[in-house]
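The following pair of complexes shares a single chain, chain A, combined with chain B in the former and chain C in the latter.
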Partner chain A sequence: MSTDRNLIQLITPAGERISHPEFDPWVKDIGDEQLCSLYEDLTVIRRIDVEATALQRQGELGLWPPLLGQEAAQVGSGRALREDDFVFASYRENGVAYCRGVDLTDITRVWRGTASSGWDPYTVNMATPQIIIGAQTLHATGYAMGIQNDGADSVAVTYFGDGATSEGDVNEAMVFAASFQAPVVFFCSNNHWAISEPVRLQSHIQIADRATGFGIPSLRVDGNDVLAVMAATRVALDRARHGGGPTFIEAVTYRMGPHTTADDPTRYRDANELEDWAAKDPIQRVKALLERKGLLTGQVQQHVHDKAEAVAREIRSGCIGMPDPEPMDIFKHVYSAPNSWLDRQQDHYARYLASFGDPAGATSEEGAR
Partner chain B sequence: MIKEFRLPDLGEGLTESEILSWKVAVGDTVTLNQVIAEVETAKAVVELPSPFAGVITALHEEPGSIVEVGKPIVSFEVADDGGASPSGAAPAGAATAAAGTAKREPNLVGYGAVVESSGRPARRARNFITPVVEPVRGSVVEPVMTETPVVEPVETEPVETLPVESLPVGTRPADTVERPRSTPPVRKLAKDLGVELAAVAGTGAGGLITREDVQNFVGGGELSAPVRHLSAVSDSVSAAGLGAQGGREVRTPIKGVRKFTAAAMVASAFTAPHATEFLTVDVTPTMDLLAKLKASRAFSGYKLTPLTLVAKAVLIALRRNPSLNSRWEEASQEIVQFNYVNLGIAAATPRGLTVPNIKDADTLSLLELSEALTGLTETARAGKTAPADLSGGTISITNIGVFGIDAGTPILNPGEAGILAMGAVRKMPWEFQGEVALRQVMTLSLSFDHRLVDGEQGSRFLADVGAILAEPGMVLTMV
Partner chain C sequence: MTQLTFARAINSGLRKSLENDPKVILMGEDIGTLGGVFRVTDGLQKDFGTHRVVDTPLAESAIMGTAVGLAYRGYRPVVEIQFDGFIYPAFDQIVSQVAKLHYRTQGAVKMPITIRVPFGGGIGSPEHHSESPEAYFTHTSGLRVVSVSNPQDAYTVIQQAILSDDPVLYFEPKRRYHDKGEVDEGIDPRTALPMDTARVVAEGTDVTLVAYGPLVKTARDAATAAADEGISIEVIDLRSLAPVDYATVEASVRKTGRLVVTHEAGQSGGLGAEVAASITERCFSHLEAAPVRITGFDIPYPYSKLEMHHLPGLDRILDGVDRALGRPNSLSGLEG
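Entry: the complex of A and B
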């Protein structure tokens, strides 16, 4: 990675803080305490991910998209946002959701299949996960154009992967963002694999260079370096707030786990590649930096550990204790106002359920889940 | 209290998984999320984390067994407050689903249409009356068919509740000719081997024709059965072996790499007419060269072996004898001549035989070649070879010399026209400058696909490789 000349890096994989005249000023407020706090978030998010993966293996979640290895890209950017900024993320940004303050149980809701979406986007200014690859970038650009109309200085931030940059939606979103100079940040977590498709096959140039074609300035940052990601995100946010239009950030990271719990990456990728990236682990390097600075006291470690375990317990009990939805709940969140067509369907379905004779109709539905 | 852990759906819409191994035993105390088993689904091998903290009281399934989703696999004794109950453990769980009402198959985006309730192609009932069947099916007796009457496994196919779907079975014409039951890969194999599936007796579940059935049919039916057993036994010799305690025979299911290897070997041996030639060479000059190279500064830190030089010799000889680096393509009726060499190296790995190949080996210098060989074998031994490295080979080398063997008849890696076995380097009395001297001697065994390579070309190629090893300076006359 050191051979990557245009890669912004502030902490080396060995945990060494290196200076970067252009980006250092953007993180000069990150002192010892904040560094410890970033370390805590990284660790907690990994713990959430591990617990959710276990819950899937235990039959408690239908599916889970692990973010193992991508913690720094999510924390560094998520923690750079202002409360009134709005996030449009893919399904893998559960770490960003944590940074935005999404309730832990709500994070698992949709993956357990008990809700069609997990939370109210307006309470945390983050839309619920978009499953369709890249569709959220259009939402973000549209939202950003709305911010312009409002004359506000908040920013729309959209997250997507390397594979999404090959999608029409993402390209259209970038065309509009550039045309209208909308205050949107395109945050691409290049984790090197679009399920089984390697990034080198998708793009013969660096992903960040794709933005250039749209006239959107881009930054290429070490996605496993939480500080560098934060600095780059702040640069992009600042530009957007001050009328500078969109920015594209390519966070170069690696998906250490499977695409989802239903995937087996050993079938298509080399174990050696995994080893190379394990050496660039985002948490290890912050830990090493804290150690160098003498900040990694037993107290700090204990605190972080306890916090991670508490969060894991909360997510487990919240997930398992989640009530199954009632069959009629499916009609609740389709339209905000009454709709005669839907009312008719609702009526038919209610009568269909009633034909089972007793409320046990609902129970057999549950059994088949 | 006792809690059960039922096998969950580990992918998206999977119905069963195979227990590969247990990581715990009855009586073990386990913590929450401790890995208790390794399970293979149709999609992946995954580790199962324990949903409870407690003591294992029972393991309900043996390693190797295929378990339906929803079946209990482990029982735990847990403290009353230990771990929350997973939904699968609820008594009303999967049992209710199997009991009666139409079972809903989960079907998510990207994994195709909803499967038939049996998970197999729709088909009519067999000519026999199964002991336990749903009335609607069992009442139909159909003409006797030429298949081995294997009792159809009793599928708990739920009676369709939607009237429009429950067509009476009798409405199908009785004379419909049914395709023999098998799977697409097996049909492909049969087609490749020129086997008419209707003539093969299926031994799989419900008379399913398996890969082995087709291979046995090709290999002379019953005759090949003992051979099959032998190979299965030999595979486990290291574990059990002669003189070991236990039964007189050990039977190991044929699966994994062994199965793949067997299929590849059978396909190769019965498709490509093999011809094998041997050449014994005085390789003393090559061994001297090897010693010199090892001592030279340019190669310090690199692993040079006789294999490195044999590989280089093969690559040089191929330039003059390109037909050894080609492929017979039956489907397109074409001979594919490769203008590059992906050099396969047979490697014994913990998972069995694999033949990873070095891409564009002909463009590599000796130094690069030695590096590639070292990397290749180390990766293979660690079981980490990437799938891409296992396909696309154009010719192979197998080093039987490392086992102290002199010669043999190597079987072609399917799709390749040549394979060279290099024997052990031995000190033997040999003619040298008109006298008998103790020389270092090696036997080369070359098998080639006689459809592509005539005896002349094979012989010339082998002679070239031998000439280089006998006198490395001869390369000057060849390049």
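Entry: the complex of A and C
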């Protein structure tokens, strides 16, 4: 059995800043102003999540995977990254996407069903959400091997959940990352639930300890502590940048909401558990810390509130104002060069649509290669 | 012109690609120090280094998944799957990622990955070493699938596959690895016959015989044997399995009026079904007989003492040709 490692924690749930000789130096640049900025990020991301959930309930999105409760894990890590680092994430890392500067409308695109994914990965150095559980960890590892070949000092960072650590791809990714000492950070958001399956079903030992068998150093961090997550991520990034190879981070957090808007967690989990975790809320503790430090002025509160509301309005209007795709768009980008099979089907379908006098059919030839 | 074995021709094409583009990187099990279990990559690691010719841990999904990551980074990975029957652990990465990423990202991310797969039987191997899994991949949109039948094509098409911005499955007929042929190594893959075109390798007038990979040689031998009986077979080497160059097949069938398709893979849901259906749709009125499929059976690949019963040979193909021509054949009297 594994040792029950203490969580790395820098801010207690009550909002007390506790010292940690090993990790304090990694966040010594986070002063009052930066702390307020992290508080803003956390609040804005929660507001995005609330708005997107509402949009789903109103029929504007087909589905949404809420990140409620996981804001600190996403902001703490997302804000630790350098612009030239590259992120390979799952579908729940919409907070990381916000940190990377992804356009808010683009975040909703895939959930509204107007595209298979929302943005050009190269504009923000973040791949679009991966739905196959754990598949992206291999992409990150390969990307990191490329960084290594290029002699660059950027890092590939991959996000996944506790359930994903049971997938073969995640285990194979750790084998490759260790063998090639690739500059990749494995960031596991252990939110305790893979839809209805509790983390104890996935692993007999602590998730962080799984990395040990691969020869990958791991950190177990309070995932609801934005500062601790940032410190741990910076440690891992620094190691990767300087040739030290991969690191595995287990951010211990909790999925306060359903798996997706299509899920009903009351069928499988205890309300008491939810209450326990509500007391460890990632935003409340930063708010309490700011209060202790006398930083939570009316002006700061107003600013954060206004920003969150503005972002919510932006995501709503962007989502609702998004034009529907054209029927013939389904044929685009399957291949990067003409393909005789598909070109024929496309041509026949355009003729079919045109046979109704449908303008989509008539204009489709423009889109055709 | 140089005399090269099939395996050596692929090796030479890989070497050219490594020389021409620093972003080309070879990955696979035993491809480095050993030079591959079939020696196809012999000497390449020595000449290009361990960072260009990478011996990987034994995990096919990881080989494919890290190739995806390298492609994201701007590389052109050439992945070797050691044997046909070992590709299935990588199936999810191929079908869910390699094939779909260009579509998923609306063209932003290209997947110029070449997946080399030694395939087919006839070498007396145990289970999982003689399979023909091509139809799984021809059924998957976003992939291009090719199979070569001779050293010259092996040399040229491997380079074309690597140059392609789309992912390409490159099926190598392993029982032909030691066959020799003339190879023009000066040929420019960019101006050579494109890899998505079929080629008429023997002209004929009575029946069109479509083959690819290992069976092209068998088909040509069948055409030679049939000529002795006064039957003129036109043999088409498909070369590209997805997409199939139907224009070339159709032109031939319009001339001969009869179609026989042969492959080692099992019959149901295979390439033969696809070719027969498409040609029937395209030129039904030119057909004088139902298309005939001479294929492997719908069985797991059998133990090697009996594999020659499973693999279409010259005589079975000629029996199929007789059926297409309405001549006496093994099924005479059964057809209605």
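Heads up, the rule we're going with is that the second predicted complex is superposed on the first by the 353 of 369 C-alpha atoms of A that agree within 3 Å, B and C clash if a C-alpha of one lies under 4 Å from a C-alpha of the other, contacts with A are read in each partner's own complex, and residues count from 1 in each chain.
Heads up, the rule we're going with is that contacts are C-beta pairs under 8 Å (C-beta built on N, C-alpha and C of every residue); 3 or more make two chains touch, one makes a residue touch a chain.
The structure displayed is predicted, hence computed values, not measured ones.
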item: Fit-or-clash call for chain B and chain C when the two complexes are aligned on chain A; value: fit
item: Touching partner for A:A262 - first (chain B), second (chain C), both, neither; value: first
item: Chain B versus chain C as contact partner of A:L353, first or second or both or neither; value: neither
item: First, second, both or neither for A:Y335, with chain B first and chain C second; value: second
item: Included angle at chain A between vectors to chain C and chain B, based on C-alpha centres and rounded to the nearest 10 degrees; value: 100
item: Partner with the higher number of touched chain A residues, chain C or chain B; value: C
item: Touched partner set for A:D270, first chain B, second chain C, both or neither; value: first
item: Partner chain in contact with A:R57 - chain B first, chain C second, else both or neither; value: first
item: Where chain B and chain C come nearest after superposition, their Cα distance in Å; value: 13
item: Complex contacts: residues of chain A adjacent to chain B; value: 50-51, 54, 56-60, 62-63, 131, 258, 261-264, 266-272, 316-317, 320-321, 363-364, 366-369
item: Of all residues in chain A, those that touch chain C in their complex; value: 86, 88, 115-117, 120-122, 127-128, 132, 135, 137-150, 156, 168-169, 172-173, 175-176, 179, 332-337, 339-342
item: Touching residues (chain side chain B, partner chain A) in the complex; value: 5-12, 33, 43-49, 51, 84-88, 92-97, 101, 103-104, 106, 108-109, 379, 382, 384, 386-387
item: Interface residues, chain C side, partner chain A - complex; value: 25, 51, 56-57, 59, 61-62, 64-75, 77, 89, 92-93, 96-97, 100, 102-110, 141-142, 144, 164-166, 196, 242-247
